[in-house]
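Shared chain: subunit A. Partners: subunit B in the first complex, subunit C in the second.
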Partner chain A sequence: MKCRVCREPAVIDVRRHNANFCHEHFLRLCRDQTAKAIADFSMIERGERVLVAVSGGKDSLALWDLLIELGYEVDGLYIGLGIGGYSDDSGAAAQAFASDRGLTLRVVDLRRDHGFDVPTAAAVTRRVPCSACGLSKRHLFDRAALEGGYDVVATGHNLDDEAAVLFGNALRWQVEYLARQAPVLPAGAGFPRKVKPLVRLAERETAAYCVLRGIDYQVEECPMAAGNKHLGYKEALNRIEETSPGSKHDFYFGFLDRLAPLIQTAAAEARPDLAVCSSCGAPSSGEVCAFCRLQERTEGAEAVPVSLGRARKRPRP
Partner chain B sequence: MKCRVCREPAVIDVRRHNANFCHEHFLRLCRDQTAKAIADFSMIERGERVLVAVSGGKDSLALWDLLIELGYEVDGLYIGLGIGGYSDDSGAAAQAFASDRGLTLRVVDLRRDHGFDVPTAAAVTRRVPCSACGLSKRHLFDRAALEGGYDVVATGHNLDDEAAVLFGNALRWQVEYLARQAPVLPAGAGFPRKVKPLVRLAERETAAYCVLRGIDYQVEECPMAAGNKHLGYKEALNRIEETSPGSKHDFYFGFLDRLAPLIQTAAAEARPDLAVCSSCGAPSSGEVCAFCRLQERTEGAEAVPVSLGRARKRPRP
Partner chain C sequence: MLLRNPRRELAVDGPLSVVALLQRLEVAPGSVLVIADGTLVPVDAILADDADVEIRPVISGGS
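Now for the complex of A and B:
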């Protein structure tokens, strides 16, 4: 197994590129693919201030590292979700990464700053924890970016993530969700621009990138996500990718090329006009935004242990 | 486990309907679902002559039986594909079904009538056998319907089939294929109308229908299809259906409801104008149609055994 570029011994094969790479040229591949995604979709201009959403996992730390390597000005934001030891370890990985490199990591703690955590929110709302988690992260990243004067929020969604979300949306043909599934969401109406510079890299590649760069990341998957549908979609696509390498890439980029343009108009018409949350000022489809409603509902609720807030299957009637 | 309708002991559970059924009410469910598909999509008018494409498998024999039960005037057409013992057994099942019920079964034999068979065509063209097989069946069913004065060709594609084809087309976002994926293709330009009355029934249900109706069908899967991508798509969807019953139904019918209308125009513009095959008179995008070209290419080729014409994976370069 030899590197496609230099013919020295390779450390990784990338089947969808039908090629193997040595240490040095694999890192270059990751940088090139990230730079290409940024350029192709006009994600970030030179001189813009970037806030990267840091979970402490492989994707977000690889992203932060890659953006710094590519010469961007990037701070991190970590949100403490209160998911027991998993959150403690994730936060520590994010902190260590930042302090080792002299980078700025902002921290918001759900419990300390907003009076609740994800397990408690899941128990109170009786919904899957991923719902309260995603909602809180979106809200707090948007707010931090606007308050901190950042031009753009970057998230570590990789090709596997985006293909799985696309699959889930296609399974239900949720046209308005499909139409919003782009590697860039432009700024507007109280939202910062949001970009996903890792869409050209697979999960296995961001993990290998971290290993080769000596980045210590949180290896565990979130204990509350176990059994969620998103993971099922990933598994289904993994099997297809195994038989036909490149399937995920074609699925995601073929969608952007060929289907997305056909559904933009229809989806735009379906989009609700946004007002402003009377409590926090964030864009909201209702009088009070979903985050403030969640904060209100969980006020005074006793903290529950992680196990009680875990992903549940809806019982069959 | 009790029947949803009469509370007598049930013989089958249908998870996506969240219900169990006894012998009698399961057969009624199958008839009702078939009648609903025919009505919802205006597939067949009373008094029209129907030609059903009969393979000898569970779907096509269930379809023929159901259409007769629903009072339609239906003849069958069986095409001998020359796939060794598999074809012999399939043909025998189709013949037995027809003669037991005094129905008319027309027979075309690829080797006898057109000088080749599927294994030989696969070997000569060096393509997967499903390619020559599908092309020959489409061509010969169209021709037989027009020559025999039938108004409509009915095929046994079930919900699993249609969902898997949709998944394959969505994985590549082949918009022109997606746009043609409907339970009815109207007649026109030398083609008869084509309908799929079993789209509301799953594979497991057509099999159970045959068992309960005492229909002997070819149980084996085609030996040449083993390992093809379509089966991989079915497997992937089966796993998702297991976790979330009804997913396949929502995937297929959600597509018809919400996506198909958005892509019709774009796809129609991409459709090539059809001429007439100079050899057989069938509609064709070229001077000679694909079937006549296949017949020409295989002329004089020595018959190959089934094993040599088997599905091949394209070797990786």
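Now for the complex of A and C:
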């Protein structure tokens, strides 16, 4: 295999571009695709302060590295979710990345700072762990960005993530969710602006970027994510992509180009008016926001091992 | 050879192409990276008998 750009030996194939790339030109492709996403969707202005949501995995560390390479002012925020050895390893990867490069990493620990962790929250609420995890991360990233004076929160959602979420939302025609599935969510009503600069890169590319840049990320999968719907949607889309390269890109960007503009009005009308949480001051559809309610429900609960937190339904005592 | 998620090791005789190895393991090429002796290698690479190979999955969960 030869690099499409320089004809030197390639290190990776990118089938949806029908091209192969050498080390140097693959890294350039990743930078160019990220810069194009930022420009096309007006994600970040020069001089703005960016807070990257860092999990210690390939996407968030690749994103942090790419934004620094592109010249942005970027700090990271890592949230300790209390998922046993997995959290220990992912936290260590995030810390090592930051300290090796002299970058600022803020850390919030759910157990230390808010009295619960994801396995315990999953067990107490009897819901899938990803529910408490996502809720906590969204709330804490918003809060940290506003308190820290950041202009924008950047997350490592890639093309595979966005295509899988779109697939799931379209399966049930969840119009409100579909309308909010944009690469940029503008700031407003107590929320910071949120951007997804990796939407033009597939997750195999963010992983390859990390390998080629020497970024030591958390490779192991979250033990609580196994078997979730999101992974099932990705597997289904990957089977389509295998025989029809470019399908995921066409699916997602076709949605953004053709369908998303048509459903904005309906979604805006259906959006609830937000009040302010009486406990923490965050935007909330009720008197108390979902995060504070979760914190209240888990108060005093004994810490649950990771394996038990995975259970979707547990018998009542 | 190191396989991940779950993490396990196995020995495979070489030389062998990456494509042939992935076919033997029934792994879709688009779902992994192949790293031989610490270097990312393309699907048409030939892996030496004594190569230290990692098959690294790239699909992650969560949303």
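Please note the rule applied: the second predicted complex is superposed on the first by the 310 of 317 C-alpha atoms of A that agree within 3 Å, B and C clash if a C-alpha of one lies under 4 Å from a C-alpha of the other, contacts with A are read in each partner's own complex, and residues count from 1 in each chain.
By our rule, contacts are C-beta pairs under 8 Å (C-beta built on N, C-alpha and C of every residue); 3 or more make two chains touch, one makes a residue touch a chain.
Remember, predicted model here, so these are calculated numbers, not experimental data.
> Give one of first, second, both or neither to describe whether A:8 is in contact with subunit B, with subunit C, with both, or with none.
So A:8 meets neither subunit B nor subunit C here.
> When the two structures are overlaid on chain A, which partner does A:160 contact: first (subunit B), second (subunit C), both, or neither?
It touches subunit C, and subunit B stays clear.
> Please indicate which partner A:175 is in contact with in the superposed arrangement: first for subunit B, second for subunit C, both, or neither.
first
> In the overlay, work out which of subunit B or subunit C sits against more residues of subunit A.
Looking at subunit A, the partner in contact with more of its residues is C.
> Counting only touches as set out at the top, which of subunit B and subunit C does A:296 meet: first, second, both, neither?
neither
> Check whether A:258 is in contact with subunit B, with subunit C, with both or with neither, and answer first, second, both or neither.
first
> On subunit A, which stretch or stretches are contacted by subunit B in one complex as well as by subunit C in the other?
Of subunit A, residues 235 contact subunit B in one complex and subunit C in the other.
> List the residues on subunit A that touch subunit C in their complex, please.
So the residues of subunit A touching subunit C come out as 1, 9-13, 15, 20, 23, 57-59, 130, 133-134, 160-161, 164-165, 203-204, 206-208, 211-212, 219-222, 225-226, 228, 230-231, 234-235, 238, 241-242.
> Quick check on the complex: what are the subunit C residues that touch subunit A?
On the subunit C side, the touching residues are 4-5, 7, 28, 30-33, 35, 39-44, 56-63.
> In their complex, what parts of subunit B are in touch with subunit A?
Contacts found on subunit B: 18, 170-173, 175, 229, 232-233, 235-237, 239-240, 243-244, 247, 250-251, 254-255, 257-259, 262-263, 266, 316-317.
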